[in-house]
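Paired with chain B in one complex and with chain C in the other, chain A is shared by the two complexes that follow.
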Partner chain A sequence: MKREIDNKRESRRGFLKNIAASVVAAGTLAPSLLKADDPNLIEEPEWGKKLGLPVDKYLYGQPSPYEHNVVRRVHELLSSGDMYASVAMCPIHELDGIITPNGLFFNRCHGGVAIIDPNKYRLLIHGMVEKPLVLTLEDIKKYPSESVIHFIECPANGSTEWRAPQFNTLQFLKGMMSQAEWTGVRLKHILKDAGIKEGAKWVLAEGSDNSHMGRTIPLEKILDDAMVVWAQNGEALRPEQGYPIRLLVPGWEGNLNIKWLGRIEIGDKPWHAKEETSKYTMLMPSGKAIRFFWPMEVNSVITRPCPDKPWTHLKKGDVVEIEGLAWSGHGRIKGVDISFDGGKNWVEAKLKGLVLPKAWTRFSYIYKWEGEPLLLSSRAYDEVGNVQPTIDQEVGKMGVENIYHRNAIVTWEVKANGEVHNVQIRS
Partner chain B sequence: MFKLDLKRISTFVALTLFATTSISAQPQEIKLQTPPLDKRAVDGAIKYHIKDDVYADTYKINPDAYEIKQFNFGREATKNEIKARDIDVRYDWQGLPDGKGSVEQGDELYAKHCEMCHGEMGSGGKGYPLLVGGQGTLKNQMLKPGDEPPIKTIGSYWPYASTLWWYVKTGMPFPHPMSLTNDEVYAIVAYLLSLNEITIDGEELDDEYVLTKEKLMKVVMPNVNGFYPDVNGPDGPLVMKKFLSDSSNYATPNVRCMKNCPTAKVVRISQPLDDGIRPPLSTKRDLPKKEEGSAQNSKYAKLFEEKCSACHMNKAIAPVPGDKEEWASRIKQGIETLYEHAIKGFKGMPPKGGAMDLSDEDIKGIVDFMVEQSK
Partner chain C sequence: MKREIDNKRESRRGFLKNIAASVVAAGTLAPSLLKADDPNLIEEPEWGKKLGLPVDKYLYGQPSPYEHNVVRRVHELLSSGDMYASVAMCPIHELDGIITPNGLFFNRCHGGVAIIDPNKYRLLIHGMVEKPLVLTLEDIKKYPSESVIHFIECPANGSTEWRAPQFNTLQFLKGMMSQAEWTGVRLKHILKDAGIKEGAKWVLAEGSDNSHMGRTIPLEKILDDAMVVWAQNGEALRPEQGYPIRLLVPGWEGNLNIKWLGRIEIGDKPWHAKEETSKYTMLMPSGKAIRFFWPMEVNSVITRPCPDKPWTHLKKGDVVEIEGLAWSGHGRIKGVDISFDGGKNWVEAKLKGLVLPKAWTRFSYIYKWEGEPLLLSSRAYDEVGNVQPTIDQEVGKMGVENIYHRNAIVTWEVKANGEVHNVQIRS
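So, the complex of A and B:
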């Protein structure tokens, strides 16, 4: 990327040297490169003169080969030194709308991606129930289904930024999240068949992959909106998302949405699993840690422009849409404000498209850019009245060693030449 | 369309002008409503309901599905099925099976199964957790280079020893979980508790110490009181609901300040991490380069990936295929020596890398593949 940007900058400089001074004065903005009598129009393009691919070429469709750079990406610092307990980041800078294509959905796992034979898949439900149950995949799909749209976000999303800005790419700044339409059954319907005993309060949900990861969830959440899902965006879950069955806990830490779900145990006490002790606990400056922290808090980020999608192609005076994503596990997004001066003054952006509970929501602001440098930030607020905090507010309370649940305001520095850099506004 | 843009833009300019010329320069804030506790779910979120067959004012649902009292799908689980799968150990020790193991046995097992990642005596490896030390560091904040971070280990951080037993039994060794017997788990837990200088009934865990179920259940971890809120009582979920509904418990609540808001200085990236990204960042729309045909898809390449790569793709643990420098001296020893080391084990490398299901021929094939990649 660095080299590419450098190349771009070099070629732009070279180009600027060779054209009229007036254009140079117009800005350091890249002029339109489209010449008159464009051969791409004047001449018939090659795809207009020959047959395309036969319809049986890809019986499961593939993206255009020209889209090969739109992929998940990894970094060895974000893993345990291997690619099994690791994460592949979603290219959210390339996404449109609010649905993530299944092949680009971020992938976090703790022992590799398990490939489960759906014919051998079993879900065991036991503990404080009248009738412990074994369900096959076919059994689960017999229950009446619902389809809902929710994001899933790893609570460590953005965790490299606690002390200072480090990644100059949106994919690595906020790519530990994605959103899909999930289809499955509300767990409350299945639990009618098991019958919950008096005194039950907590639920252990455990994956059947090699990490056997378990998490404690309050029964109240399970009976409220938790689901056992088998489909994402209209097709079976991808193995990376827990094929054939994952738990969906809307709005909560990604880690709680147990993939390859194998077991549900009902009990009267919390379990204190490994991801509730050594990891996924929030160490505060007092030296004490918050033990359970479930919802993903109100958050937002501007996706266009961003370091990966800069404004280097704009002409001075272009009208441009500033666009981004806002989300909250506490409910619906109520609104998003935008600042052009690093947070001193704010204006209201517009929400656009579907505004759903516990879901990515697009926001938009139409802006006429004269090539002036900007410090561009977004600040979302949600249905419970929580407002996305500044870095100083967040660090002031939580310190810098928390790892999880970082939702402070993100700021892009837009330079006169249209380059965009990740910066932080902090004391 | 353009008129609208100008209107909005001029509003922004006006706001900015106002901000800079305002005499008072007082922050201007918009207050937001917060719902009372009874309108909130267990996590402090908005509690959604079904009304007129619509859930959360959003999704139409089929109310008949909600009327059904029981579906009677699936079948009743047998005792043996539950016993086979019920592998958790709760903090109150529910689920802990019988067994025993000594610190000395644990030391041997650790060397065989754990040391290649977690280092000698729990000293940690690249990317893999340190297992000892860190006491007294939890208040540390690494704000600038040179500051010490908090070090979260079994001894300094973990509140319950139950989690240690559960984790080792069901998650370790990382490439082969569920392969240790209960007695082996007791031994490794005994060794780890001993390394962390944790005592049981005031007694130090020396080499001869034999850990049993009864003894393990007496362990009180040093940081048992290091976590909040207390969720173990009968009102645990309600405690959490109250905690999460009041954002001042975990955040500095922000307000919608619109003008003259407090701000701070701009901090730019000083140590970018972008270079380690794979594949390198690019938003180009071009055709991919042709992939080279290679041994990548061979049987042994696949076996390597499945059985060996957890360690052999991490140069801190074991030589990575393709790292010519690392492999040169090894290749010099001759292929027969490498076969023998791989099959019988050598230094940190356990016999067959712990993958005892592989035949000697498979191991030789994998070694050939690794050597081929590294010439």
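So, the complex of A and C:
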């Protein structure tokens, strides 16, 4: 009475499978406690019949070889023509929860990944201070530390979408962001030791790598919640995240979170650095550009179903969990609405898990799909009153020449066959 | 006027360093914004003068080569004589925050690391149920998911210390634990589809690897908060953590969190499996053994300073942050006390960051050290009233023949030269 196991996907209500009856293989090192006459016996899998790999092969662990497709990816449309000023996008469609593992954290570089000897690392703090400081890594680590969970998002995330949908994958659409637990010291503690002079208003943060990425940040933000961090999800920063020290500017543009941080200069006016004049400015319909647009706006995207994860595509009769990520650089996510008709009607999703300030928050909605075509959208709002705009609202204000800070509502078209496609809803 | 940078460690109050004056190197691809006549110029580091590594080298990222010593480690005293029934200890002395990166999560195996093809994976649910189930990985992932942060600790953590201090390293003393964000489905949802029969009281969870690790768990706990999980810190479980599916039994003995989970059987009495009779029992002074000792008790340890991290050793005049980890399998940590004299007097530490149930919680105490010898201890208490015992209290009750559930107060001796040693305080 040996029967085949049915591999086909079935609905939540149809979990009962045909059960293959076979005896437990003889010679197993440690036999299962399953009784030989149990009618529910399933075939002993091959990995149950032999020893696994020795423990000493896993002193620093790696993912399963079966997960080799879950990697950051580089797309030529999103790079600057070489692999040094480039960006590797996070596979956010494959992530669960709110932590991005360090090996998958998105990687935006302006001059390649600097490899720094931590013993030679120094952080210079100078400008309008009483006592300029040159700190070693150990000096920095002696300050009282804090650990915080925040996303980092490049303001160019979603930049391809201003005119029309470009990508039918969530990874390339919104993968220029990730989230980690960061550990470091509040910059205000270090600046207290340096002694900020009266009249100081601005801070220049500059990388020590060859791109010398430099950005001007208001002193008020630096004293509020900015940190210099050395750890990411418990271990030292990865090289591509600025090892051994990066700046963390919670909720603000990713490029302000300077990697391989080399110096902090205090001043009374902005520096007008290259990366805040020729780049990271917002070109408006008037032909003028907005500069110093710092916080990342309230945003959200549905991660399940999504185009690049075919097993999440819907099947008629399925009861599915529609799930996604919401975030705001202004504070906590207060709520997320879901629409099934491209924004005409909305229902409230549930926030699940931790709801932290300036952090990815998961939302969820249980839905039974009967095969009707959907225009599936999410709309997040944050605790200070920001709501995601429609595309019409955003384009009406910002035009389409701009690259940055795209936070308009994203819509997936779910076709009658269950396939999921990136579309844009315009009036 | 070129001066040397002073590399010596200095106190928190002495951060001002001599500053080396040199010009920014000519030929830098992107020059720093530092003005050439700034008296605070420091030498341009070598990594600022050349391009870094290309972004495409980091599609799945790895730690800095300078962190090669931060790995799990195997000690023969803690293994069973081969590398298949072995344990690789987590470098908890090197961790920051409360997340353990997946590559460093401790690894206890009974028959090596099984490598499982996720397409061939099946989970059998049977016994006292209305409808036995055989679930594929996709079937499991279609249930509504949850993400939770919990530690997993082997009950043998600290097992070498029952008679006298064995290890002068935190990694070997307490590294048989780690913490992650886990994503999966509550087992109660799956068991609802199977239909639990009247009279059922016990659950057997068994691994599909060749060790067929099997443990009996009360149905009440399974229905309370147990989960089958597929993700760890956002990505698929690592092979050594049970890829593609492990059981999560929050707060209870690590060995109950069955890896490579193969089946769940429901019954009305315990199974008396090998791993709950010949092992994982508590041998008492009477000669009898306690079985089914499930929850991990309230516990704590100071991670900074600690013996195996010399740069955290104290220096006279230093103002330092004494920091550590506290945890309880019974719920949230309510508080942690610190003693500087081996437990005669106690002061209250501050809990910092997230304080989650059945989860590592960081504690902190700022202290100025004037060179006096210390006996530095921490004592945690949880929200349901458990307090860490002294060694005398624990040994008085449990004897010294036992291996498991060591949660007596740990003490570091800080010598006048700042060195840190593992000692035991007995009356």
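By definition in this document, the second predicted complex is superposed on the first by the 379 of 427 C-alpha atoms of A that agree within 3 Å, B and C clash if a C-alpha of one lies under 4 Å from a C-alpha of the other, contacts with A are read in each partner's own complex, and residues count from 1 in each chain.
Keep in mind that, in the parts below, a residue touches a chain if its C-beta (ideal position, glycine included) is under 8 Å from a C-beta of that chain, and two chains touch if they have at least 3 such contacts.
Bear in mind the structure is a predicted one, so any value in this text is a computation, not a measurement.
Chemist: Could you classify chain B and chain C on chain A, in the superposed arrangement, as clash or fit?
Modeler: In the superposition, chain B runs into chain C.
Chemist: For A:59, using the defined touch cut-off, is the partner it touches chain B, chain C, both, or neither? Pick first, second, both or neither.
Modeler: In the superposition, A:59 touches chain C alone.
Chemist: Classify the contacts of A:287 with the two partner chains as first (chain B alone), second (chain C alone), both, or neither.
Modeler: Once the two structures are laid over each other on A, A:287 reaches chain B alone.
Chemist: Would you check which partner chain A:236 touches, where first means chain B only, second means chain C only, and both and neither mean what they say?
Modeler: So A:236 only meets chain C here.
Chemist: Which partner chains sit in contact with A:71 here, chain B, chain C, both or neither? Use first/second/both/neither.
Modeler: In the superposition, A:71 contacts both chain B and chain C.
Chemist: Per the contact definition in the header, classify A:139: touching chain B only (first), chain C only (second), both, or neither.
Modeler: Both partners.
Chemist: Would you sort A:177 into first (chain B), second (chain C), both or neither based on which partner it touches?
Modeler: A:177 contacts neither chain B nor chain C.
Chemist: Taking the superposition as given, does A:297 touch the first partner, chain B, the second, chain C, both, or neither?
Modeler: After superposing on A, A:297 lies in contact with chain B but is clear of chain C.
Chemist: For A:228, using the defined touch cut-off, is the partner it touches chain B, chain C, both, or neither? Pick first, second, both or neither.
Modeler: The answer is neither, since A:228 touches no partner chain.
Chemist: Going by the contact rule set out at the top, does A:261 touch chain B (first), chain C (second), both, or neither?
Modeler: neither
Chemist: Pick the chain B stretch that clashes with chain C in the superposition, from 170-178, 206-214, 332-340 or 350-358.
Modeler: 170-178
Chemist: Could you tell me which stretches of chain A are touched by chain B in one complex and by chain C in the other?
Modeler: Common to the two interfaces on chain A: residues 65-67, 71, 73-74, 79, 82-84, 94, 110-111, 124, 126, 131-136, 139, 142-144, 146-148, 190, 193, 204, 206, 210-214, 262-263, 265, 271, 273-274, 366.
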